[in-house]
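Below are two complexes that have subunit A in common, paired first with subunit B and then with subunit C.
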Partner chain A sequence: MRAYWELAKSSFRRHSTYRTAAVAGAFTNSVFGLIRASLLLSAITTAGGAIGGYSAMEAATYVWLGQALLAPLGLFGNTELAGRVKSGDIAVDLSRSVNLTASYWAQDLGRAAFDVLPRGLPPLIVGALVTGLAMPGTPGPYLLGFVSILAAISLNFLGFFAINLLSFWVLEIRGFWMLYMVLMNLLSGFLVPVTWFPDWLFDFARATPFPSMLQTPVDILAGRTDGAESLAMVCLQFLWLAVLLVVVQVMVRFGSRKLVVQGG
Partner chain B sequence: MASPRTTSPRATRDPNTPVTNLVLLKLLVSARLRSQLAYRGSFLSDVAGQVLLGLTEFVELYAIVHNVSTFGGMTLAQTLLVFGLASVAFALGDLLLGETDSMSETIRSGKLEVLLVRPLPVLLQLATSDFQLRRVGRLIFALAALAAALLLTDIDWDPAKMVLAIITPIAGAAIFCALFLGAGAMQFWILDGRQFANAFTYGGRYVASMPGAALFFPIQIFFTFVIPATLVAYAPSLVILGLDGPAGIPAWTGWLGLPAAVVLGGLMLLLWRAAIKKYTGAGG
Partner chain C sequence: MPIIEVDNLSREFQIMEPVGRFRRRKKAVHAVRGIDFTVEPGEAVGYIGANGAGKSTTIKMLTGVLVPSSGRVTVCGFNPVPQRKALARKIGVVFGQRSQLWWDLPLQDSYPILGAMHRMSEADWRPRFRDLADQMDLGEFLTTPVRQLSLGQRMRGEVAAALLHRPELVILDEPTIGLDMISKEKLRQFLDAERRDNGTTLLLTTHDMSDIQRLCQRVLVVDDGAIAYDGPLTGLAEVTGAVRTMVVDLAAPVHSAALFSLPNGAVHEGIEADGIRHSVTFDPRRLSAATVLAAISSTAEVADLSLHEPDIEHLVRQLYGRARR
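Moving on, here comes the complex of A and B:
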């Protein structure tokens, strides 16, 4: 366990050295937040009140929380593992005395811990100044929201990890990566809340783990759902976590058997 | 008696004549294209991914518009026209200069030095050396969306509108090329600032494909007169559809696309040249 803690800590430090990148990310997330918020608010004004259960203030809060959590939740992922499979460095990873999945997971949690403040706070401040935020006044949503955020970080990590693991079988994962990104961006509710979707797409999105990766923590944090409902949503997140964990473990087991690293 | 060598077209070139830029360029592009087509399965999945990307970008717009009768003063078909024009422009810009978006990688990995020692302009090499054919998938979808929009909208065509409809995708592509160029040049100074540039390139694409009237007023002004994203598709669409624009994007701006592309392109080229001049190798 100690090893994973150290891995998470070193990953935190590693990411904390890229300060310019963090500032740039926060800036861009704020600009996108302004664009997204204005589009959703304009539609709500035209509709006269609310769309998909979101009033103007709630939609604005949804946008800003989403922009703030985007980086910490790891919605962009990385192709580090696939790169190591290509270069053969994966052999070093596999011969370490730590579990492959767990070591990358710990590093991702360390990254997320760093990203929260420098990348998360600026969009929230911009949002509070420009449109205002409707945040709950009781501690419940924040506590459950914290658990939900942890679950969502892990779900995003496992989803991207599974795509990376495909590199054990195929030469180039770019196509799969792209496919995954496109579906996840749309179905996680990152661009537009899933309840705004036409019915057929809403039903489809609900059958996937993607809403659990972004919309769930955002809705819980904003206090849109009551205690019992929030708890059920977190349970669903953990259910998906279990499913993805099994998928990833199976992939690691069979993939590492198939893996051939040339040279030594 | 014909030797097998003379049947090959390349062998007909006298090996003693100097290699011109054009020959080199053709060689680079065709080698690039062949290498991309070599792994057919991988290539097809890439193209499919690009088509799907275009499709989800539309669904993203549709998910908003289907809830309301008009979005930013436009019907669904009219927003499709904006989306189609913007997508064609972005797909073209991305195809030509999308590579400069990852300039910091090119600099870090030392690939830039390889490009600098070759006797061809760096920009030309960037545009061709990584000519990503898969990005054509995005263009195909964009053209389909544009065609559908032209069929579905009621447009009172006159010669001026036709001219505008033809120059708009070209001017739009030039605007995106200029934005990508600026993004690439900027990364010479701020190596970690790739995401900073994304606010203008991908943020610009996002703004360009949406009805500008739905934006906050300051955002309208910024993305029209500073970063000319609304001039790519929305402003010309206002003219073509005969609509009035919002306060920040009056309908007369519909004709500003081409001049904006020329001015922005010129400025970004200057910035790019300054960036290349500024570059000092790391001894690679």
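Moving on, here comes the complex of A and C:
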């Protein structure tokens, strides 16, 4: 376990060396928050006050929480593993006495821990100043929200890791990556809340792990769900976590037998 | 008990080969074909061969990174692929062209992580690290991010990383590639001392003959995926009838080779630069360089000279040619 703790810590430090990137990222998240909030607000005004149970303030809160969690949750993923397979550096990863998935997971948690404040706070501050935020006044949603965020970070990690692992079989994963991004952006509730979807798409989204990756922690944090409902949603997140973990481990197991390490 | 046991080990790769404009055909490439060898604890073995001969493929199978197509491998008592993580705690690996250090962190930050990976307590790895840092002169760049290190500095860091957990076996894949003479020599001295003091087994691949001469008593020559020679280095030169070459520059031109009374076993190979530069090959088992030089100096004044050892590629080519005949 100590190795994974050290890996997480090192990842936190690695990311903390790129401060300019963090500032630029936070700025971008805030600007896009303004754009998204204004689009949703004008849609709600046109619809006559509320859409799918979201009032104007609630929709704005949904946007700002989404923008704040975007980076910590790792919603854009990274192609580090696929890159290391391409360059052959995967040989180094496999020569270490740690579990491949767990070592990358620990590093992603370290990254997320760094991203929380510098990437999360600015969009929330901008949101509070520009549109105001409708946040709950009791501690419950924040506690469960924290657990839900941890689960969502892990889910996003495992989802992207699975796509990266495809590089054990195919040299170029860009097509799979694009497809995953499109599906995930839509079905996780990043573009609009999944409850705004037409029934058939809503049902489809609910049958995938994607809403657990963003919509769930945002709804729990915003206090849109009551305690029992929130708890059930967190349980669902952990169920998906178990499923994705099995998928990823099976992929690692079969993929590493298939893997051809590039270069000398 | 041997530390490495390789028994009839093979690995083939499927590659897709274009046939005509659209179709592709599967083709099997045999990178390693049925090799056998064992390495005893404490040995220092050079694993040499031309590019593409199958060295790296073998190394990857020894470390459990690559699954063999057939045959058996045992390293430190482990079956490398299924027991990869347990094996990784017994061996140290240095890939000359890859890094196991954390690229964007100061060099010293990599070692606590490695110590934890090897399940060493701080009291265990810290003194060892200080010792290694001392011997490898890491002190002045320990706080420099790895990405800013020079190649020589980084390699010293890499070797320290591979040795932190006092591995029984250290596998080095071209550890001196790209290093200058001084860095190479430092690294060799260190590895040699490590083996003498701790009985560490060394297996290294290299293209540099002097790595082998300085470090290894035994060489394995692999050619086209098969072992072409297994024995002492001196034997390799003997088997191939390798010769050394002496190149002398004379103070005044001499136009005829016949003027030199060269001893038996030395052959005048050629004249360049209008009689100034002469090259002479000789058999090192029969003649010393001093004898050859004395013979030349008795005829003409020597202004400058250089000696050339047979290179690995040359030896391997000779050996392979001999096997083919």
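In this section, the second predicted complex is superposed on the first by the 261 of 264 C-alpha atoms of A that agree within 3 Å, B and C clash if a C-alpha of one lies under 4 Å from a C-alpha of the other, contacts with A are read in each partner's own complex, and residues count from 1 in each chain.
Here is the rule we use: a residue touches a chain if its C-beta (ideal position, glycine included) is under 8 Å from a C-beta of that chain, and two chains touch if they have at least 3 such contacts.
Worth saying up front: this structure is predicted, and the values here are computed from it rather than measured.
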{"item": "Which of subunit B and subunit C A:V182 touches, first, second, both or neither", "value": "first"}
{"item": "Touched partner set for A:W5, first subunit B, second subunit C, both or neither", "value": "second"}
{"item": "Touching partner for A:G77 - first (subunit B), second (subunit C), both, neither", "value": "neither"}
{"item": "Touched partner set for A:P209, first subunit B, second subunit C, both or neither", "value": "neither"}
{"item": "Touching partner for A:G66 - first (subunit B), second (subunit C), both, neither", "value": "neither"}
{"item": "First (subunit B), second (subunit C), both or neither touched by A:V92", "value": "second"}
{"item": "First, second, both or neither for A:P198, with subunit B first and subunit C second", "value": "first"}
{"item": "Complex contacts: residues of subunit A adjacent to subunit C", "value": "2-3, 5-7, 10, 13-14, 17, 88-92, 94-99, 257, 259-261, 263-264"}
{"item": "Subunit B residues within the subunit A interface of the complex", "value": "39, 42, 45-46, 48-50, 52-53, 56, 59-60, 62-72, 190-196, 198-199, 203, 206-207, 210, 213-216, 219"}
{"item": "Complex interface listing, subunit C residues touching subunit A", "value": "13, 51, 55-56, 60, 63-67, 81, 84-86, 88-89, 93, 95, 97-100, 102, 104-105, 109, 112-113, 116-119, 145, 173-174"}
{"item": "Complex contact set, residues of subunit A against subunit B", "value": "18-21, 23-25, 27-28, 31-32, 34-35, 37-40, 42-43, 46-47, 51-52, 130, 170-172, 174-176, 178-179, 182-183, 185-186, 191-192, 196-198, 201"}
